[in-house]
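There's a structure below that I have some questions on.
The first chain written gets the first letter, and so on, giving A, B, C and D; residue counts start at 1 in each chain.
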């Protein structure tokens, strides 16, 4: 199979301005991936499928990944060399300001596609796409018109992560019920409170079970108060 | 109230390119479509699966699978658990084939962490994996026939064989169904020589079982009449829809991950990949029986060649296992198709992202295409021939 | 009126069988419990295995798995009940004819089991319907289901025909319908049926 | 001939029917409550706590290290550590679990607690007949219900238990040898000072591992 660089070059040649980036993967698996721009994704995908040499006719796995907003406090050690208020010593030593200034790296949702070729028995080629953010710019082009196998998997990502796939023929919730409002696979999702009976609680469950009992006791006390 | 079925017929639904030239609703018939929800409580949906079906008389004009009745949040729980703690959960994905699930997950983590597996452990994996395939295929054929109305006999034979294999699993791993046997870098316990002898004994009996099963079913006229030409899946559509496993090979596409990826030690064994011609229910049924025989061949070879040695990589860690940052996609040829695990590690004790690529779920993509134009009774068969397990479909 | 147990056995040896109406009635009921053909998850496979030749649930008069709730006396909740499925389970239970019994088979059916902390998993079906027998195990062995079934038979046997503890079909006050939870925006509504689900307080 | 396939199939069923009377391989019904399938040694169901000796409270091997609690995938173990200490099998004073609960309505019988336990204190039981009407009390097992003797462990998993006992005996011998060497060294050193020998000597273990491999 072609190397990822060759694939990138081939894509650039076939789809001018595709803007495909290589995302390195440090794990021993060495499965590096290609990040597509949403605007040209469908074109690139069609090329990957139809190109005689690549023939990535089989889309195996589609999945979402949630990367929430990251508050980076310690990494802002970049010397904010503005502090000249010192008595005359070096300014670079003024690292104490970083604690108060936290940089928020905006989060995004990512969709990962694993492609293989059944015709040529090679793969995987990993594609990724990012949404603009996690709230209002969550649409990405659907690759279902290119590979049918994306149909249910993209619906699942829509359901659990809230990525809206433009061009998907039937974008509805698939695993949760229709009236459900949340996107439970997002990392900031909070499960509903049903922690009445937790005989062996730990960590988060313990906290929630205790909170539940406290709330119940408060409610009971309030009811008693109104009753008297 | 608008009728979704007519919307669909008018081409506002999923797109009528799929309809394959068949007429969806007869405009002159003057009848309405009848909408039936098959499931989630339905004896032949293999669990809690639902199909919203629109019928024109007996004919299917629309079929929308509805999932999620067994959505157990496997992936979310996996992100909250350590790598090791997810292993017993994988047993419960495809709960008929827990050992192949273990294997796929172990393979993905080993890929992520760059671990080696000792040779004996690889052989043990192949042995238990192929035993799993045998019992899965026997069971899936049994259920298919059960759906056809032959309640009892073939399924009972399949379960009998399964019980023998389950006894082996229990003797090795301690549990009948939820084996939790594999670890990153090997297998949890070593097999004794008595266990291997017991496997040999069961494996020697398997060809006889396969013969009996074929005698019982393959030339049965009723079975042939019910299954031949039903639920035809074209190879191009199968590839595009990501169908894998016996359903794909029944459509004539030669793609078996054991041959393609040559993962584990499958390059050492001689076995054939049976292929179908028509891609109908009968082909899928036959492919399973043929694969069962190929699995027996692999088992015989593996049992002959299994070497002595350790079953765990001595460097492997059970507790405090933290792979380095990165990601990996590991896949195996599970009895139902390509079972993949996609893991992203952020260097912590838990995977950052834990994704299961379930074969049954993706194989259902084309359920509607296979069912359109057939009778209601055939839907049950077509679904049975896809061989789904809801634990894996909904996760 | 009860007959002395020793006397009864003695008479039985002589070929005289003494029984009460209650015993006869309950014998009939317990020997033909028809389960509903209803599998949810992993445990369902063990449930099917129980009906197969090696374990043979038919020996207890319970081989007739009915696909329709109207014809079934017993529901084996064999597997995880998700929040998406829970309304259907309650509905099916409501459709069953009295007297009806419920066996919660496996950890998931009792408490949500290993999947307990999942957002879509109901932490035990007894939040909505009364459960007679609980079988722990993940999944329970087929013998465990048989044992639970015998426990249920014992329970049926012990039910008097009148007064306290009589079977539900003879009790006009027993609730026939259990409210079906609605699927809300975030969770099932209500999250539990307070008439069925009473929790002991465990302080940790 | 039409119907030939059906007849072939029927012949097969007849063969099976007849065969089930003669062939053991056809796995005929085991009449469960009266007969049982031969127990398989590796079988696991729910965890139990092993104790040595007669008194379960004194002999529990568990030292409340809470590793199993942390590693348990469905988090069904709850442990509270004791305030005081008592000697373990080698005689070292250890804390013990003041509370050890396993919610078997959650337990998935995965055996990970057994695998991670460094003290051989928790093992898998084979009892499966636990059906109960009591949802809460009947399924939350506390220490008294979980504690089972080492002899019992030997009856259900003989090979494994023998291995465990051998390992523990070896460990104990090592500790004792070490203690003896230390005591001797101390005695030699304190030959002049007669009072020094006493504190270096370890207490004899209160409980011995019963049914050891030695």
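The rule is short, and it goes like this: a contact is a pair of C-beta atoms (placed from the backbone, for glycine too) under 8 Å apart; a residue touches a chain by one contact, two chains touch by 3 or more.
On a predicted model such as this, the values are computed, not experimentally measured, just so you know.
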Joint neighbours (chain B and chain C) are A, D
Neighbour overlap between chain A and chain B returns C, D
In terms of CA centroids, furthest away from chain B sits chain D
Most central chain, judged by mean Cα position vs. mean of all protein Cα atoms, is B
Set C-D beside A-C; more C-beta pairs touch across C-D
When centres are defined as mean Cα positions, the distance from chain C to chain D in whole Å is 32
Dist(centroid_CA(chain A), centroid_CA(chain D)) in Å evaluates to 43
When centres are defined as mean Cα positions, the distance from chain B to chain D in whole Å is 35
Multi-chain touching residues of chain B, meaning two or more other chains, are 68, 71, 73, 76, 88-89, 92, 160, 163, 178, 394
Multi-chain touching residues of chain C, meaning two or more other chains, are 53-54, 84, 111, 114-115, 117-120, 138, 141, 199-200, 204
Chain A residues touching 2+ other chains are 175-177, 184, 197, 199, 201, 205
Among line, ring, star, complete and other, the chain touch graph is complete
Given the complex, residues on chain B that touch chain C span 40-43, 47-48, 68-74, 76-77, 80, 88-89, 92, 95-96, 155-156, 159-160, 162-163, 176-178, 390-391, 394
Contacts from chain D onto chain B in the complex sit at residues 2-6, 8-9, 11-13, 15-16, 25-27, 40-44, 67, 71-73, 108-112, 115-116, 124
Residue set of chain A touching chain D in the complex reads 197, 199-202, 205
Listed in rising order, the residues of chain A that touch chain B in the complex are 25-29, 31, 57-61, 63, 65, 112, 114, 118, 121, 124, 126, 147-149, 151-153, 160, 169-170, 173-177, 184-185, 187
In the complex, chain A touches chain C at residues 175-177, 179-182, 184, 189, 191-194, 196-199, 201, 205-206, 209-210, 213
